[in-house]
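Every chain is named by a letter (A, B, C, D and E) in the order it is written, and numbering of its residues begins at 1.
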């Protein structure tokens, strides 16, 4: 048995409880350990500016995990995830600046605030479906931005500076900022991903899928569709809130522009490019979109320096939106299951290794 | 002078443009159940094409016409290249395709000289003269022409959908594509036509808007969002709804600017008021004033 | 086991009355059939019982529970399960997953247990998975266990629909035309399942069916609806001889007990 | 019990009367879905002009797929004809798109009625006239004479009509396209006995008055055989039996599995079905 | 040290990119010019980065250039992004010159390294209020501002100043770029008896307001005025003849003041780089040059080893006889440890029938502003 456990290819699980394990083979467990070590060493291996992008990717991944609960699993299209992030960010900022809470309390508070508002915004989902709900979340996004802009306590959308923090005697400074937060965001992300996995493989997760696929049948199964949708909204916006709290500290200030419609669209794009409803997709999507943006940024900077295009025609500035839009469309058209599917194929390959089939 | 009638008149003027913008939206939704987030960008495309043509010396009216033809073809092209592949895909994917499309079109507009900056049409001679005063509000000829053009197009489309076989077929396709195909409907052609017609009306909206309040990419594309309250209020799949919804949102928005802005520090309530209406409508009457109620039986 | 009582139920959609003053009883352990022309209100009645519609007037009780205003998921929790007329399956999910969903109310761990997973959640999941397998065996769905339901043949999907309702472990099972679109052989299979459900598990069955052969053969009691009115009730024999039923529904004096071939054109 | 394999080897094309030029002929058609699931495994059948042909078979046998293969509606379902041809009036239909098939005079009434729920009854019918083969006003009148009920309901939203009425709408809608051959997919599905009879009467009437050929897929074998001239039985993607309807109806296997009568000729009681019974397979 | 980087991060695309693209051109062209003139002993690496008016991008650019490449000075842009990096600017001690003249950027405490090239929005607005007060005591004034920190910035100071000047601010309204119709706004202001409408916005929204005011025959009844980013070539291009009589506060010289050395330089550099006429005429092109000029001058004055500290030293030494006067603005650029506003002097200009802005006051500082907003 041990040998076959190493290179297990088929499904040899004989008890239902075995069906529940996440990392079953030694190979998988070994790669897990290597992976963890690599992750811990990462900040030492890559350049500093890239580390900043890694941090951003991880924060976005938290928000995308949440989006994958509402939109990916429950089918409630949410074009306002950035606003929920914003709620978390502002709550965290108020907690940190007004109540002087330390960050490890302020950020969870942001999560709770996100969850609270999310549940409230989710209320229309009790009556609305699909498209209509998408429009409702869009409206929430706009109302949120407007409200912040009119709230003096929130600096009317202007910057609320975050205090610098320290933990175990290590201070967050300009120079170690990205690394400091890396070691905070990483465990948070891992924990959030585990919780996500757990919820979604249990009755609560299944209820969400049921509601997405067929809410009438779900009701006939004894699932309260309203509760399921609200739970989804609550969880999804809790994740957003946590991401917002992290982002507040990471950005050192909370400004409304960070939580605008554009960000919501980006989060959706990340979820889709990664593969809706997929755990690896929740990391791959943000990775891809951030990398694409960086790449296009450098490409346009480079293009801007070449005088190949006529004046007034700004190829450089066109690149980012073009690439972003095309990426979304191409994925949807040719790989609707997203990067997660590529990931799956790669994994399959290694699982079967050394056999070819 | 009384404020109220003036607010109403101004609301109707702006509302008719909302209605025209919403029309294109409704056309697409009606036939293919696609929510088009790129509509604002198509409006901008139409407006900038017309503007570019006038810049190169073409007569304004001709430029407008050519722009409408161009966006008609653009709509067809978009359907052909992108949307056709998405038939049968989940709704969120289709929505995201239009979101991606909006980004792509914006990128493309940045490849022209119009991506950044503000521009305005030189008012054509026929519209340059004195306007008229309606209920104490001065309306320019441009505004009046805009309202008339919008209403004309809207009336035409209403007739089309209710009386012509093609119009009925477009609605049929929205209901059940397979069944429509079984009687020989080319669903592809119906979709292409819907997108084309949407493109045409978008250019009309863009040109009128450009004439009235100038051209900026952001402003024109922004109409794409303003349209949501309109279509939700009117009913996502109703041409009449687009008209009534557009007018109502225009008027309500103006009333809020006229009466609420003074009460709210900073004002700007017109920016958010339509979206509050939107939420209210969704809660009270999700299918809007004229939208078709989903028939849902188990 | 409780009885289902439908008392003077009226259901109106705007001006249209789908049901008018309908009363009936479904005694425990019996198979009760509802028949009637299309649009008679059979499905609407089922919808009222299962909470999808709420009667405009009248009362529906199941034991001590009042169903008239209850939401579908609440009705389900009272021990009433339903299979839909037009398939309402989770098409993208496999058969097992479909059935697991029906165990929702039997899994009693909280969202927090879910998050932690190990412990309560894990244990209950395994137990319920075993339950689901028993239903799969019973309904002879082994071969399709992991297939996405949407790709299964219509007849199999119908069977999954019934299996899923059964997985809810109900006391009363509502079946809306479970045999529509099946040939005789497949109907025989389905009848066998229904009879076993009733006999072996003691579940009360309320059945809507257009195949008079089936209805007459397996029902303990039949109610006939027409235009929302109850026009007849009684044993199969009584009902099939009722002239009003013949006129409104079957069109023949008695459901042919013998060859169905009399009219084959040469 | 005679095995069908012996009497009707499916490998050789079935002997059908004289194939007329205007017959709809399906020749050795194989269909796969998603490029992998093979559903039809060499189906051949012949729909004689002006006559009613029925196609019987268990669930999942591939009856609907056969109709889709004829009507060009496979593509939207991700299906493809891999082998074989469909010809009608000398033209090859296989490979055509749905629109062209309808133009050539073959129209399908889809399974499960599928009326346009949000359109009125009359608009449903008008949608059938999209190809403009004839004058829609007079066509409407024609349909209303076949289905007088529909005239009364003309302004009602189709989603709120009863099952039988919806089936009438679906057939009427197809008639608006002036078919020469009508493909009906389980018209009796979910209909009350009286309505089933009524629908089949209508179909017969249309067939006689307009000479429209009909291919009807049915589970309700007794009514289908009673109302058709020729019949085929399909199992597992192959035609396993065929013959004049009356002949088929007296075949012992058809009797047992499709008509539910014992060999003695009396109707079996469903109650007596034995628990260990397993389906008999021809293949 | 062979070379160093001069970086600007701002909106070449996205909101306000109309101003931003000209500004970027100004920075870039002046930087190249400095190289060609060998103004410094080192070669400048001229980089303009598009941040799309997005704060996260601004911040990233800051980190990349300040944290990664150790640039000695950071040229920034938008209010939002600048407010956001305020903290790190202070921490890293890298002198930063925004294009946004938001007074909050230099307000204490802890803002020693932000420097506004010219007078603040608040000062613009207060100067306009002073002008209104001089025309009509007790007049009713409305403020129309952009719905953003940028627009809201001067409101507090404006209220204080108006109170002291005996003016009545009847209304403060936020109007953004997507506002299509201002009838309601204007009619309400008319009903309130407002005679002066002061704008803190970008040119687009102001142009729309002016056009609507013209249509409603209100131009004669109301005087429209605005701060730096409302006016100039952009406004006349958009509003056409509706811009006539608009009063504008700015510290910059106009393009048609061709006798000014700064403007001559602008024309020359613009032509050398083949810029479009529109770009060269834009006041934002001049502003970009000013920002670059200040940065380069500070590098020059800070000593041989160019670093953040040397630039800071160079900047804060620009006062008294050592003030810097490249000729782009109506007054010299002066900075000190306490003084973080470069060219404090400003003028009010009024658009004539041809759309050209003509000075209606001399170069001056707003006295009232110094009262309501004493700096450090």
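Before moving on, here are some points about what is shown:
Throughout what follows, contacts are C-beta pairs under 8 Å (C-beta built on N, C-alpha and C of every residue); 3 or more make two chains touch, one makes a residue touch a chain.
Since this is a predicted model, take the numbers as computed values, not measurements.
The chains in contact with subunit D and with subunit E alike are B. Of all chains, D has its CA centroid at the greatest distance from the CA centroid of subunit A.
A count of C-beta contacts for the chain pairs B-E and B-D puts B-E on top.
Subunit A and subunit B have centres, each the mean of its CA atoms, that are 33 Å apart.
Centre to centre, using the average C-alpha position, subunit C and subunit D are separated by 29 Å. Mean C-alpha positions place subunit B and subunit C at a centre distance of 47 Å. If each chain is reduced to the centroid of its CA atoms, subunit A and subunit C end up 42 Å from each other. Shown for subunit D are the residues that touch two or more other chains, namely 160. Residue positions of subunit C with contacts to 2 or more other chains are 52, 84-86, 88. Among the residues of subunit A, those in touch with two or more other chains are 149, 156, 216, 312, 314, 317, 320-321.
Put simply, subunit C touches subunit A in their complex at residues 50-52, 71-74, 76-77, 81-82, 84, 88-93, 97, 100-105, 107, 109, 111, 113-117, 121-122, 125-126, 129-130, 164-165, 168.
Residue ranges on subunit C touching subunit D, taken from their complex, read 13, 16, 35-40, 85-86, 151-156, 177, 180-189, 191-192, 195-196, 210, 212-214, 217-218, 248-252, 256-261, 263-266. Interface residues of subunit E, counted against subunit A in their complex, comprise 12-13, 17, 21, 47-50, 52-57, 59-60, 63-64, 67-68, 79-81, 83-88, 91-92, 104, 147-149, 152, 174, 274-276. Listing the residues of subunit A that touch subunit C in their complex gives 15-17, 19-20, 195, 198-199, 201-207, 209-210, 213-214, 216-225, 231. Considering their complex, residues 33, 35, 82, 85-86, 89, 91-93, 95-97, 99-113, 115-116, 225, 228-229, 232, 236, 264-266, 268, 271-272, 275-276, 278-279, 282-283, 286, 296, 298 of subunit B touch subunit A.
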